[in-house]
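Below you'll find the structures, each written out as structure tokens.
The same chain A turns up in both complexes below, where it pairs with chain B and then with chain C.
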Partner chain A sequence: MTNNQSYGGADHIEALLALADDHLILGHRLSEWCGHAPMLEEDLSLPNMALDLLGQARNLFAHVANLENCGKSEDDLAYLRSDREYKNCLMVERPNGDFAHTMLRQLYFAAFMQPYWQAMEDSTDDTLRALAGKAEKEMSYHIRHAGEWVVRLGDGTEESAHRMVNAVVALHPYTDELFEISAPLQNCIEHGLLPDPTPIRAPWQAMIEDIFSQAYLTIPDVPFPQEGGRHGRHTEDFGHLLSELQYMQRAYPGMAW
Partner chain B sequence: MYSQGLIGADSETEESEEFLAAFQARIDREEKIEPNDPMPQGYRKTLVRQIGQHAHSEIVGMLPEGNWITRAPTLRRKIALLAKVQDEGGHGLYLYCAAETLGVSREQMTEELLSGKAKYSSIFNYPTPSWADIGAIGWLVDGAAIMNQVPLCRCSFGPYARAMVRVCKEESFHQRQGYELMMTLTEGTDAQREMAQDALNRWWWPSLMMFGPHDSESSNSDQSMLWKIKRFSNDELRQKFVDATVPQAERIGLTVPDPDLKWNPEKNDGEGGYDFGAIDWDEFWRVVKGGGPMNRDRIAARTKAWEDGAWVREAALAHAEKRKQRMQAAKVAAE
Partner chain C sequence: MSKQPASTPLWEVFIRPRNGLNHKHVGSLHAADGDLALQAARDVYTRRGEGNSIWVVLSKEIIASDPDLSEENFDPSSDKIYRHPSFYEIPDDIGHM
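After this line comes the complex of A and B, so read on.
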């Protein structure tokens, strides 16, 4: 960890952790639906998407553990940091809310991650390059699945349309943070380790607009975007999520499971 | 996961002697009965009831294990548990589809579950207070399910038999995974070993109850055996389970909570088997009749999911209808 400038340096690790945390936390949130979905098909699809994200999280934490090479395991990283040390964006930690919230959050995230993983195919980080192909395909499926639901609910009944509008109002303020470039990320972009999210913004917006137009939704003005996750400043709900996630590791420290 | 020895089936039937004899002859020739084949009313009713109970068991069975998904101790375990619970949902889906071939809708079956008219395996009315319960369920409950379901792969009703082939493969994976989880605990610290033993203590007897009442008490077994819906009696399957499971417990240093458990070389026609203590049938019937620790909570959770999801299902239908109308309108406009 002596070289802060490039491969394996502190910034590389910090930026990878943010990416890993996004996947872990959103996977965790989706997994909360398992057994409680609106229909049996969704009791299969929601865990499917959660499994994709948790699998990617695991790969990313293992990569970081490898780079750090200081005896920490993927689970030490995933389970044993303090809240301020998690660097996920705020959107992924938002509570599931109703099915409209969950599907919209999934669409926002996947519509960002699909092109982002695609861009990682040109990374100078071999591990990321190796992970990118599969992850990108998974994200395409999430876009399709969540996008179809956003359209169905937006153009369904009066109630579902109303719920969909509420979800957009509640979640859109968290989308800016997807494109935030933290100092560690900036350094990684300069070294070709991670892609620049900036060029993804216009296609992301176009995709959301296209889906929204079929769902009779409009992108709201957001005078005050919400951010802070990349600096470890989280919402109140996050502590509760961690108290479940970390329960076993905290209650029975140092054991093998 | 599995429907315990069918509860409350009504296999009465009103067909002519000739029809029943011809049907029985097909069964005796080991022909598979398919959904559009003629079949006695009693056969159909028994299967609808049994497959429905089995499907409901898979779905309700997602809840006790689902209770630990957000608290699983490692990423590997979290992923494995989530995938396992998802598999159970998949089993529920194949089974509802198999039941639907007999002319009963999934919606109807769901309503019967929520109203309490349809039963599900009582094992899921026990709580999962500790992480070790995840191991115990995989090892014992999926293990008992396999004992019951392997013979169902040869069930006379084709769609049920075929669904079971696929389900059994996954159940045996679940069983190995659960046992491996228990083994990891027993190789760990004292706290982990205690946790594992406590889980075995709580799940052992309810697992034996999964096979249903004794043969002497089980009213509908005979007809099910004749129709080859069932191939082994409740007591035969229970014995097989005990004989397979006791050595597994010993291998990982756990004690089966039965002071009367004893190897008997005479059992199973001289091959040997375990004698075991008396099952508490009062507890069995109490849980079947709704008095278990979690009966109300399980149905409340399923009811909440169903009711909270109503607007989603309605919206999906409304949207499909709108699309259909738009397509028809576009077709008319094009003509």
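After this line comes the complex of A and C, so read on.
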């Protein structure tokens, strides 16, 4: 009998997939900027960050695919699931919007993932422990880069400040979901496989407040946080994203390069 | 990609490939200030492990020699071969110097 709650069980697979999906989908969104960034320097920087995220996603998918009970390959997981089977949080699938939206989303996500990867260094899952060190460094850079831009746009021209405020209003309602504890994650936390996001909340908030104070931004009240991604309920934009992400594997099954 | 606004200055980038070596000029980039210039330099010039230290300098702060003066600056040294350390014998047992 398979124990759903222990290493390699259904809950472990489900919780790892949610984590992998966050990285895959945000990496894909960032990659959409390639060739469209406001300046050449950012046109290299954004795909750099996208590649960090895709690399982390790939490691996580490979880890899941290697678990005995998974029965799917890395490519199956990344490219051949239907929309409801993806468990990424909604924030990472939001369209890029303008540069302010993209940088704020990156800051929100990295400010969460950096301490979360750090906490994974104590995981009972050997593979996660091995992945955590590098991922944590990459996330530290994302925080620095996105944070600097949020400050400069917020404290920039009238136009850039206005765009930054709009981005906060649009994206802040999606931040709650980063800290959501699904049933599979709860079981993984109890078995020491994945960290509890709850202790990260206060430092996350403090970091955002610090950057916002330099950027003349304020954290808005969010009466109705947006959630659903962890249960496979996605926004309309997600279908369009998947059609592009999955096109190649759907059109040419098993294609490799 | 749009043209850089006049307010985005040009920076020269220097990378040190390893400890003990000198920083070398590798190119230039546009950035609003020093912090962003360092980040852009990291993203543009160190993607393949090119180095472990970056300097950025505002291009306009560099004081360059005048090309029109290159004859008086550099030509006089061309016929003074005695300035090259090539006029002494290295004993065999010293080996490679």
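FYI, the second predicted complex is superposed on the first by the 248 of 257 C-alpha atoms of A that agree within 3 Å, B and C clash if a C-alpha of one lies under 4 Å from a C-alpha of the other, contacts with A are read in each partner's own complex, and residues count from 1 in each chain.
By our rule, a contact is a pair of C-beta atoms (placed from the backbone, for glycine too) under 8 Å apart; a residue touches a chain by one contact, two chains touch by 3 or more.
Note that the structure is a prediction, hence the values are computed from the model and not measured.
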Partner chain(s) touched by A:247 [first = chain B, second = chain C, both, neither]: first
Which of chain B and chain C A:54 touches, first, second, both or neither: first
First, second, both or neither for A:152, with chain B first and chain C second: both
Chain B versus chain C as contact partner of A:217, first or second or both or neither: neither
First, second, both or neither for A:40, with chain B first and chain C second: both
Touched partner set for A:144, first chain B, second chain C, both or neither: second
On chain A, the residue positions that both chain B and chain C contact, one per complex: 36-44, 48, 152
List of chain B residues in touch with chain A within their complex: 59, 62-63, 66, 69-79, 82-83, 85-86, 89-90, 92-93, 96, 106, 131, 184-185, 187-189, 191-192, 301, 304-305, 308-316, 318-319, 322
Complex interface listing, chain A residues touching chain C: 36-45, 48, 141, 144-145, 148-149, 152
In the complex with chain A, residue positions of chain C that touch it: 1-2, 4, 8, 29-33, 35-36, 39-40, 42-44, 47
Touching residues (chain side chain A, partner chain B) in the complex: 24, 28, 31-32, 34-44, 47-48, 50-51, 54-55, 57-58, 61, 74-75, 78-79, 98-99, 151-153, 155-157, 159-160, 163, 244-245, 247-249, 252, 255-257
